[in-house]
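The first chain written gets the first letter, and so on, giving A, B, C, D and E; residue counts start at 1 in each chain.
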Amino acid sequence: MIAAIVMNSIWSTRKADSLIGLKFVSVEVLGGIDAGRLLIAADTIGAGVGERVLVCNGSSARKMLGREDVPIDAVIIGIIDEDCKL
Amino acid sequence: MIAAIVMNSIWSTRKADSLIGLKFVSVEVLGGIDAGRLLIAADTIGAGVGERVLVCNGSSARKMLGREDVPIDAVIIGIIDEDCKL
Amino acid sequence: MIAAIVMNSIWSTRKADSLIGLKFVSVEVLGGIDAGRLLIAADTIGAGVGERVLVCNGSSARKMLGREDVPIDAVIIGIIDEDCKL
Amino acid sequence: MIAAIVMNSIWSTRKADSLIGLKFVSVEVLGGIDAGRLLIAADTIGAGVGERVLVCNGSSARKMLGREDVPIDAVIIGIIDEDCKL
Amino acid sequence: MIAAIVMNSIWSTRKADSLIGLKFVSVEVLGGIDAGRLLIAADTIGAGVGERVLVCNGSSARKMLGREDVPIDAVIIGIIDEDCKL
């Protein structure tokens, strides 16, 4: 997983039918030499802009939705506690 | 997923039979420290050159086609709304 | 796999239900040009802060838990012996 | 996928039995900030040295062979037309 | 796949039970802009220190062992012939 900070909501009106109802956010990687990398992740937890989150990538991201038919490769799996040091 | 901009259509006359009928485009990653990375993605949505898109990578890309036998690892899953900030 | 050093425990109170009971740690990649990259990994071995570990990434990380439903993409699979040279 | 140029044939006498009969080539990534990265890909299409190709990575590479038991993670899926701009 | 050179044997006394009996080595990526990246790979072929090898990453690495339950993401699939140019 990576630690990242939520930047913006991402809106896509024209998209795959299987994505309807899913919320997407842009996140920026925190810490280490990858800091500043920008990813788009699905969010089913309700993370707010500015919150630090754990993002799971790859095929494991689909496990968060409990559906195997959705074309996503990144999802927020948790919100990092405010006082937690990376 | 990554946010990217569509650059060009990619033509390949000699290719795997399972790819016949699929459209391919080159896309350039937008935002963050990976900005400027070039990928080739399958496009089933009809994204135009210059449009900003969401690209899904890895095994999840095959879910967009609803077929497990196609050797692709990147696909456009949505077009980012014009007024959306990354 | 990558060789990494354990940095901190990562606490996430709001997270996916399937992650409850799993311990997470931040690790920093050791050696080579990726040295200094920060990842978050699940730990079922009980690695301590400062120990050098082997981290497995991607779908294979789920094999460590023996469960296919958990959205994780990185897990500690072993602790590198103290006198081992990378 | 990535666009790449075929560099050399790669010969490996001692290898996994399941790889016998497969041709391997080194390819160099073309375009963007990853230009110059070197990969080794399986080739079932017959790409020649100097040709530009589409390379599929990850689990999807196995789909090109129609076999799930082969340990490869990169395969050439098509040859980019000579007059095609990336 | 990547071309890499075998650096050292990696010893891990405390590790996942499913890894017992597997040999691990550190390898350094050869060629291109990723040259110098350090990975840890499982070795079932018997590659020696200083030999150039082909390393397969991701879920495909598990295919080399013929077991789906082992948490590894990188494995040596072949030894590159001595006189082969990358």
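In this section, a residue touches a chain if its C-beta (ideal position, glycine included) is under 8 Å from a C-beta of that chain, and two chains touch if they have at least 3 such contacts.
Values in this document were obtained by computation on a predicted structure and should not be read as measured data.
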Fill in: Target subunit D, source subunit B, minimum contact steps
1
Worksheet entry | Same vs different contact residues, subunit C with subunit E, by half of numbers used | different
Response to the item:
Between subunit C and subunit D, the Cα-mean centres are separated in Å by 31
Practice prompt. Just give me the whole-number Å value for how far the CA centre of subunit A lies from that of subunit C.
Written response: 19
Worksheet item: Do you know which subunit B residues sit against two or more other chains?
Response: 34-35, 58-59, 61
Item to complete: Please report the chains around the ring in sequence, anchored at subunit C, with subunit E in second place.
Response: C, E, D, B, A
Discussion item. Give the list of subunit A residues in touch with subunit B in this complex.
Written reply: 7-16, 18-19, 24, 26, 28-29, 34-41, 58-59, 61-62, 68-74
Practice prompt. Over in the complex, which subunit C residues touch subunit E? Could you list them?
Written response: 1-3, 30-35, 45, 54, 56-61, 63-64, 66, 75, 77-81, 84-86
